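Multiple structures follow.
The same chain A turns up in both complexes below, where it pairs with chain B and then with chain C.
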Partner chain A sequence: MSAPVRSDRIERPLAVMRIALSAAVIAAAVVPLYLLAKQALTPELETFAWPPAWLPRDLTLRNFAAVFAVGELRGAIVRSLCVGAISAAGATVLGAMLAYAMARGGAAQRVGFAAVSGVRLLPMIAVAIPAGIMLASLGLYDTPGALGLAVIHCAIAIPTAALTLYAAFAAVPREIEEAAWLDGASPVRVFFAIDLPIVRGALSAAFVLCFILSWDEFGFALLLQQTNRTLPPLLYYYTVFGNVGPASALALLMMIPAVCVVIALGPAMRTAMVTGSSR
Partner chain B sequence: MNERSRYLKGAFVAIPSLFMLAMLVVPALGGLGASFNHRGPSLENYSALVHDPMFWRAALDNLILPIASLALELAAGLGLALMLTARGKRSAVVEVAAILPFAIPEIVILTIARYLLMPRGYVNGALEAFGMHGAAWLSPRGSLAMLSVAVVDAWHVTPIVMLMLIAGLQTIPQELYEAARLDGAGTLATFRHVTLPMLAPAIVGATVLRGIDALRIFSTVLVLTGAEAVPVLSTYAYGQWTDAQAPRVAMAAAMVLAMVVTIFALAGTLAVRRWASQPGASQ
Partner chain C sequence: MDALIVRNLTRIFPSGGGVRDVSLTISSGEFLVLLGPSGCGKSTLLRLIAGLDEPDSGAIEFAGAPTGAEPSARIAMVFQNLALYPHMTAFENIAFGLRLRKVPSAEIDRRVRQAAAKVGLNSGLDRRPAELSGGERQRVALARALVREPEIVLMDEALGSLDARLRAALRIELKILQRATGRTFVYVTHDQVEALAMADRLAVMRNGQIEQIGPPEEIFNHPETEFVASFVGDPAINFFAAQKAGDDIEIAGIRYPMAIAASSGAALRAGIRPADLSIDSTQGAFAIDIAIESVEFSGASFIVRGTVAPERADRHKIPICAVTSRRVAPGQTRRFFFDPAKIHLFDAASGRRLD
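This part shows the complex of A and B:
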């Protein structure tokens, strides 16, 4: 509480509460992750012990070896990386176009915001089932390359990219653009030669956020890639239908990109994650 | 601003919008059409919904579950936001720890939650170690499953609520706190008469944004309890599509959900506007 506090009667319990809450927050973040890491690094039999073992007895890398040895798992990692990269690249390009037009005001701004917020209201299930039928008619349903899923992920990531880039384009001084126009540069040229270089930091932020959106996305992936799975649905099947060891190892590997971003890139990225948080 | 740049702007709005339209809205409209089709135009699919008790359970749970998880998120998010903005008490470790659950992919959170909450899982293990009885946290027959789902969902998304409320707290002018102090207001009075009213727009905003997501809840329920234990509209539709092989009934259920989300979002937008325009609001 930012208010200067006077009475000790309230201050002391608040201080105790604050310490207890801090401890709870750290525990809620660390203990589950520790247990997951423990499961990933111990033999599967140990995981089924009762009462559950809180400390690892035998450490092993067998679960990770299994993840990379089983073709299905290896394939899912490669597929998730490809879908993430393709969809994030597409969404960053399309989102940059939309954000630029929105940042320059007028009708474009209203249409852009309406499109971006409207699309974010669609429930996954209402889109995924008919989208599956549409992709099937295009020959893109559940293909090994998962191009259909990448296209859908690209579409759902455009609002995230556009909202991330909007502030960056809005901050580009209009005078620079106008000077370039007066010098005879075409609008397209101004966009590529002036605006894009200025917002390149935001472009990479948008790409990273869109990649993570795709990497984490479960619903569309489950419905659109029923046999050629990406990581989230595969992890779901491993978790629900057994194979604790590889599932834990896979889960641990899946966390790497997102956790790196949050720890390494700091507060700016966290704000951006809020903007783009809607699924 | 010349004529040609207007063309560029038009094209830059049109291309991404048309792409989203073609990939997301057109399929959804196709689904809407299919939901009114049963060997010709008919209300058959909706009548199948109305006569399925499971649909009504799903609709009811789709109401209770978002309310429960929103309440948990707002309470925890507010507590964390207040704690993290307290003057002179900032801790980078607590801050990163508070945000971490949101950085973890949802499916990983759910995987961990399953291992924690399963009958012979860590939570029951810890309870028994302290001499208490374990519980059937995810059992389809108990009433606990709903609570478990709400808690796990809140665990994952509380960081977003927290960040939104921190942003709201930072817009409250310090002078108000000074004035409250000069008037002799204590911590609780200051919280009630300064912080809470000034934070109301942020709370309403967070409720609307998070509510839209909470209504569409799918993976948490599916992974933790399966499609049947705590049915919600998304998992009901999923079940109709995969298990019951009734795609048109599935689409009808999905359209009901889409309508609920749209109504909530429109009402929420109006509420946000009204709140933001009230005197005393921070912006």
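This part shows the complex of A and C:
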């Protein structure tokens, strides 16, 4: 069978439209990034110059130097990385369990979806104070290790992980599990030896999404880590004190780990790998 | 020896499907086929035997095992969609059950290769299912079932969506394999050709119940119900409204002298297989005229379709099909002959056979 051949009369305008749309979307993403980079790489005087110029005149690394001169920076980077990694790992593991139960239908599915949507609909900041009090009573408030924040981020990220993984688990045919059961595997064994390896691409995707969620999270980070700050509040303080240049430099630097994670795990990010299981 | 006894098994789904009060004895080493249209309960029965579903009532007893014992060791199943483990190589797919049983790895290697050879899987053991052809996947699924040396192998539409040629080839291989291994096979299909070809014993199911069980020849030649007669056979059996009229039986408006134990005027259904109608007058004492509408050549014979002649104003056209060895011309009316013994008579109300 050959693909239907469409005449140029239809094909050409479609191609033009495709290119135009792609260009618009890419521009929407790239232009703010460009402006941010320009701010980071030029003296502040230039940023506030009128009329604003598209091209930088005077390139400098002074803003980056200012960022690295701040003593807090190293601690904040380590803290953000740890909080991101711990919360993403926790949310992926717990979210996988929830997603599996949801994918297998029944009451777990209804309750799971209600819970997941509920958490996502809740304005998070509304529970920040109670969460802070709970963490304080556990001795986890504003600690240097920021474990308390990691726990909160993990809780926030579970719905994201569960929704990402749900489709993957739902795509695993029931019969594969039944076959494993008939082969003599216990239900726990089936989950770990069959389901998890099949959805491992989705696990990577869930981890990445949860990591980025935590990396960018501002509200809880601001309230729960008042003195042992993570990166987003640090960036916030730069901005409120009017240090637009260093703030831009830090913002640019903050993108690096997230981009690295996506590049590293990107190829592995897929939903369930069930190809070939059936005829 | 009995391998398995099913006693009064009932499992009804909210949708209304399932099995109703099915009892069945499966002998050791036999090839039993469960045949029926979709939704007749054949797959449900198979899943109940496998232990993948719980019956509402009734019991399944394995020879020499207490009821409710773990079924998995004695049973293996080949699923309709094969259900191979997509993240494992063919070798690991087959080895999975043995690994769980902590079989030493040298023995695993030996048994996997032996099972693979048995099902004709000579290469590709190191490949994932996605890299295998449909036929190879089928063989992996089969080897995975056989490698544990189960007493009973269950197969759910196992050759389902393969292309016709491969299917026919695997059908023969499967039958030879079953005889060679001496295992008990329970095979579910909706394909009556496959069922007749493979079965030692054939159970025809409908609405969650077994309509008839027996050797395929008996199912074909002596169907107990109208449903069995119409479901088995290709081209399908011809059915006509009939009734008892004195000492005769009136079939499609024609009276034939036939003795039958039914009250006069009773509504009957008369069936005759297309192959039992012949254009050769030596083939039977009774005759029927057919206005031929179409003739298809099927390779070995011709499938003739038409209506019963002469047409009468007081009734609809009665379609009829015959299989002949010579070409006949469409558009003409010809006389076909048949043996009265080849007529299957059923009670019109109950659908049960009358003899």
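Just so it is clear, the second predicted complex is superposed on the first by the 210 of 279 C-alpha atoms of A that agree within 3 Å, B and C clash if a C-alpha of one lies under 4 Å from a C-alpha of the other, contacts with A are read in each partner's own complex, and residues count from 1 in each chain.
Simple rule for what comes next: contacts are C-beta pairs under 8 Å (C-beta built on N, C-alpha and C of every residue); 3 or more make two chains touch, one makes a residue touch a chain.
In this text, all values refer to a predicted model and were calculated from it rather than measured experimentally.
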First (chain B), second (chain C), both or neither touched by A:W181: both
Which superposed partner A:V25 touches (first chain B, second chain C, both, neither): first
Contacts of A:M134 with chain B and chain C, given as first, second, both or neither: first
First (chain B), second (chain C), both or neither touched by A:G106: first
Chain B or chain C, by number of chain A residues touched: B
Which of chain B and chain C A:A65 touches, first, second, both or neither: neither
Chain B and chain C footprints on chain A, overlapping residues: 181, 273-274, 277-279
Partner chain C, residues of chain A touching it in the complex: 173, 175-176, 178-185, 189, 193-194, 197-198, 200, 273-279
Residues of chain B defined as touching chain A within the complex: 2, 4-5, 7-13, 15-17, 19-20, 23-28, 30-31, 34, 79-80, 82-83, 85-87, 89, 91, 93-94, 96-108, 110-116, 120-122, 125, 128-129, 155, 160, 163-164, 167, 169, 172, 174, 177, 180-181, 186-188, 190-191, 194-195, 209, 212-213, 215-216, 218-219, 222-223, 226, 233-234, 237-238, 241, 247, 250-251, 254-255, 257-258, 261-262, 265
Chain A partner contacts - residues on chain C that touch it in the complex: 50-52, 72-73, 75-77, 79-87, 96-97, 100-101, 128-132, 134, 137-138, 144, 148, 160-162
Touch list for chain A against partner chain B, complex: 1-7, 10-11, 14, 18, 21-22, 25-26, 28-30, 32-33, 35-36, 39, 48, 50-52, 54, 94-95, 97-98, 100-102, 104, 106, 108, 111-112, 115, 118-127, 129-131, 133-134, 151-152, 154-156, 158, 162, 181, 186-188, 190-191, 215-216, 218-219, 223, 231-232, 235-236, 239-240, 244, 247-248, 251, 254-255, 258-259, 261-263, 270-271, 273-274, 277-279
